[in-house]
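Input: a single structure, listed below in structure tokens.
In order of appearance the chains are A, B and C, and numbering begins at 1 in each one.
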Amino acid sequence: MEEKTKIKEFLCEIISLSGISGYETPVTNAIATTWEPLVDEVRVSKIGNLYGIKRGSPSKDGKTKRIMLAVHMDGIGMVVAKVSGELLYFAPIGGFDPRILPGQCVTIHSQKGEFPGVIVQLAPNLLSESYEGKPVPLDQLVIDTGLDEQTVKAIFQVGDIVSYANLPQELPSDCIAGHSLDNRASVAAVTQCLVELQHFHHQWDVYAVGTTQEETAFLGGATSPFDIQPDLAIAIDVTFAKGPGADGWRTVALESGVSIGYGANLHPMLFNEMKQLCEQLDIPYTLSPQPLMSGTDADPIQITGAGVPTILLSIPLRYMHTPVEIISIKDVMRTGHLMAEFIARLTPDFIEKIKWEDEQ
Amino acid sequence: MKNLLNTLTQTFGPSGYEKEIRNFIQKEIEPFVDEIHIDALGNLIARKGTQKQDGKRIMISAHMDELGVMASHIDKDGFVYIAFIGGINPLTCFGTRVKFMDGTEGVVYAETKKMNKIPDVTQLFVDVGASSKEDCPIKVGDVGVFVRPFLDLGNRVVSKALDDRIGCLITIETLKSIKDSPNELYFVFTVQEEVGVRGAVTSAYAIDPDMGIAVDVTISSDVPGGEQLNPVLGKGPCVKIKDSMLISHPKVIKTMTDAAERKGIPYQMEVLRYAGTDAGAIQFARSGVPSGCLSVACRYVHSPSEMVDWKDVENSIQLLTEILEKPVIL
Amino acid sequence: MNTKKDHLIHLPALTDEIIKLLENLSNTAGVSGNENAVRAIVRDEIIGFVDALHTDALGNLIALKKAKIENPLKVLIAAHMDEVGFMLVEKESDGIFRFKVIGGIDERALPGKPVQIGKNQKPGVIGACPVHLSTREERERILAVDSLRIDTGPGTSDIQPGEYGTFATKFMRMGPSICGKALDNRIGVATLIQLIKYCPESIELIAAFTVQEEIGLRGAKVVAFHYEPDVAFVIDCTPANDQPAWDESENTRYKTKLNQGPAIYTSDGRTMYDYRLIRYLTSICEDYAIPYQIRQPGPGGTDAGAIHLSKSGIPTAAISVPGRYAHTAAMIVRIADWEKHFQLMTAALAHIHADVLKADR
């Protein structure tokens, strides 16, 4: 099977699994299974970060440098907040625009198993005000499971996790639509990098890290570098693709390749290295300015321990934080390929050779 | 005649449930017509005479139905929430009384704490004296009408349902008084006018008339702070020029005004910015029917106390008789 | 009425096979004006059971079943095939289309939904601005349909303006319920297909699978005019807003309730229903111990609005399956309500007789 098709199938598999921030286990397990044959060791940290460790060839002095590829596995979701009659009220986990919610199919993860439900808005007379011509606020939207009151009371309780249930859709030109592509698309890119590294000689140890709770607290991004103490880190996330409802300087075109971040949060020289590598390899790329924080795992990674030189690579994605995000598999493959090429070029003295502009 | 009007206004017949009022009218007119039948929607259709040379088939329509209420929910304490049958201003409902088909009577009031300036119909309820859902005699879907007795003020009369029992009275008296006519006359007492002129749709299709005239009430503007319209009480029957559903056929208007001129009957011209009558439906039957409307000026339309001028009523009967007894040129 | 206890017929059950048929109907696209795919399924299902089958000028599919007696009662049963949806109206850029809504869809139900476009149900989505790029004020306004686009992905070559779309929801079971798009009124369609198979020999059945109900009861109007039935029954779906209110005060405006059986109409925005037929239906329910409910009078309408005013008038009743969230991506219906509805209609057909209409209207 073509590598692209394999990655597409893997991506469709992991976006069909639940992995709400704090409850990443189902998706962690699926990623671990795929990474296992590609790495030397797979480990899960105390708070759920997934480490896939692929050792580089040892250098003369026996010391090995480490690069960390940080990719958050978690996605946004909901949690049951109140049971009223046969209805479930819910609270968001992660950032939501409530206007996209009415009519969404969801899965409720109860202790009695998984049950389907639909997010709905009630008739105007059942709300605190009629909200005619206005969005119904999130705290008044409800989930209907189709079950009767008695069954609902027996099955569900406050605290049950709710995830989107819509299935992936394949669009023309190798595009995929679905929920949680933020950030499973990046997980797929890292996986592609590991696949390509099977054929590359590399000297650095590679720590592929699936982080947890990026959407809510950057928990995995802050804790995993403490464990690993990397010499260099790449955070891989998604960025806003231009499209209906999204325009302006924060957006790039879908299918335009890897987007490389620059700004205080990212290492300027590593940014240059990455850009030059794209030019050299003829990999399409765009630049993504991050004047303040990048809002990704790169934020906490950079300031862990004595500080970590950090790079941000992003994959363009339309309709972020809706259940119908769209990405291009081409961009996923390009990102994976770029990282593999970068890693293969890392020499033991790579970090020492990096000079700041004023040092040159 | 006022006695007859009294009975007409006090007989039960909200839209869709016109059986009682129809039975009464049928008995009243049967001796004076040649043929009578009831169609699938409940319209009462009476034919008088046959078409002679110079004659036309003419449909005269007065609607029998009245405004009413329908039970939509019985709450745990036995209050009956309602939907309106027809266009009713909720402000006219406070403290008014309704009577359901089974005879149960009750008082209308509203959820005063919840309502804004004007209550919504969904905030209105009827208190029939029940104290729980179980002892409430009313079920969802039961219909009722407003309770308000007939009041004779001499020159003026007041009642609920003068819209359009006054049209029924005029039509009944006209068909009684007509002796001879070249025209084949179909007197139709229609149903469901108040919910969208529906009875006139099917009866006009069946009759396929050459001309249609509705007899109904119109808004009288001679009240403090009232509408800026032409018709007033006492200045004669109104010849409708337009309302929101109908632009009267010019030949029908001329037929009506010519008849009034011939007989020296006072009349007024009526232009109504909104609303509609059976004529709005009749004109659409099959390939189209020239139509018009003879209106009676009425105060407080669609409230439980509507008022008309008695002289206008007598003149309307005279005018309608004159129109129908003579050949019509279209 | 011939419903003495010893004449009661055996009531059929709602089998898995029928639910499977509904699944197929629900997953099929048939937006008002483009009911072809639904009509094809119906035709295949009924062709062996009817005496004549006709598709008229608007696309209504009418099946006739003759009686075995002289001068039989002509009974029309109408169920609309069409559903609410979209039409692509302009190609804006590669794979991005402007669209218009067909039928009564609340704009608030649109953003963030998977959709399917055209005859081959090609995938697409209605996207929405990322929450990160919008302000709080913006989020307090509706995402109006004019600001939304259907996105079928870059490189789309075989989708053109003019094609129809629907929500992409797939039919599913949820315990005692079923959930899917277009259950309004594919449930009625599935029921009418069964009724054809159970039709008694004492009546002439005109089974009409109508079009364009959602855009103004247009299909039913021409069917009633052409076939001139003696009596008509409309089967459809109706909202059940019986959930608890936000403040848990008594809900007085629920229209219908789930689990209370089929909903019989007395009055809606388009029709005052014939109460001889209402009485007939409720007496059938009582004889067969079928639970039923009266739909709360109020706005809304069914094909009856067009049928009962046809020519010189047609006595008409409407019986709906109560359901929640019609005209959104996912409607929920209790299977038990549907089964009772199916049984009521079967019994009502078995016993219908001209005498029912002899009483004064």
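By definition in this document, a contact is a pair of C-beta atoms (placed from the backbone, for glycine too) under 8 Å apart; a residue touches a chain by one contact, two chains touch by 3 or more.
Just so it is clear, the structure is predicted and the values come from calculations on it, not from any experiment.
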| item | value |
| --- | --- |
| Contact graph of the chains (line, ring, star, complete, other) | line |
| Comparison of B-C and A-C by number of C-beta pairs in contact, larger one | A-C |
| Centre-of-Cα separation between chain B and chain A, whole angstrom | 69 |
| Centre-to-centre distance between chain C and chain B (centres being mean Cα positions), rounded to whole Å | 35 |
| Whole-Å separation of chain centres (CA-atom averages), chain A against chain C | 42 |
| Junction residues of chain A, two or more chains touched | 125 |
| Multi-partner residues of chain C (at least 2 other chains) | 253 |
| Contacts with two or more other chains, residues of chain B listed in rising order | 122 |
| Contact set on chain C toward chain A in their complex | 95-96, 106, 108-109, 111-114, 123-134, 139-143, 147-149, 151-157, 167-170, 172, 174-179, 239, 241, 243-248, 251, 253, 259, 324-325, 328-330, 332, 334 |
| Chain B contact footprint on chain C (complex, rising order) | 250, 252-254, 266-267, 270, 272-275, 278, 293-294, 296-298, 308-315, 357, 360-361 |
| Contact footprint of chain C on chain B as seen in their complex | 15-17, 19, 22-23, 38-43, 70-73, 75-76, 81, 83, 85, 122, 139-141, 192, 195-196, 198, 201-203, 205-206 |
| List of chain A residues in touch with chain C within their complex | 84-87, 95-105, 115-118, 120-123, 125-128, 133-136, 140, 142, 144-148, 151, 166-167, 169-173, 175, 177, 240, 243-246, 248, 250, 254-255, 295, 318-324, 326, 328 |
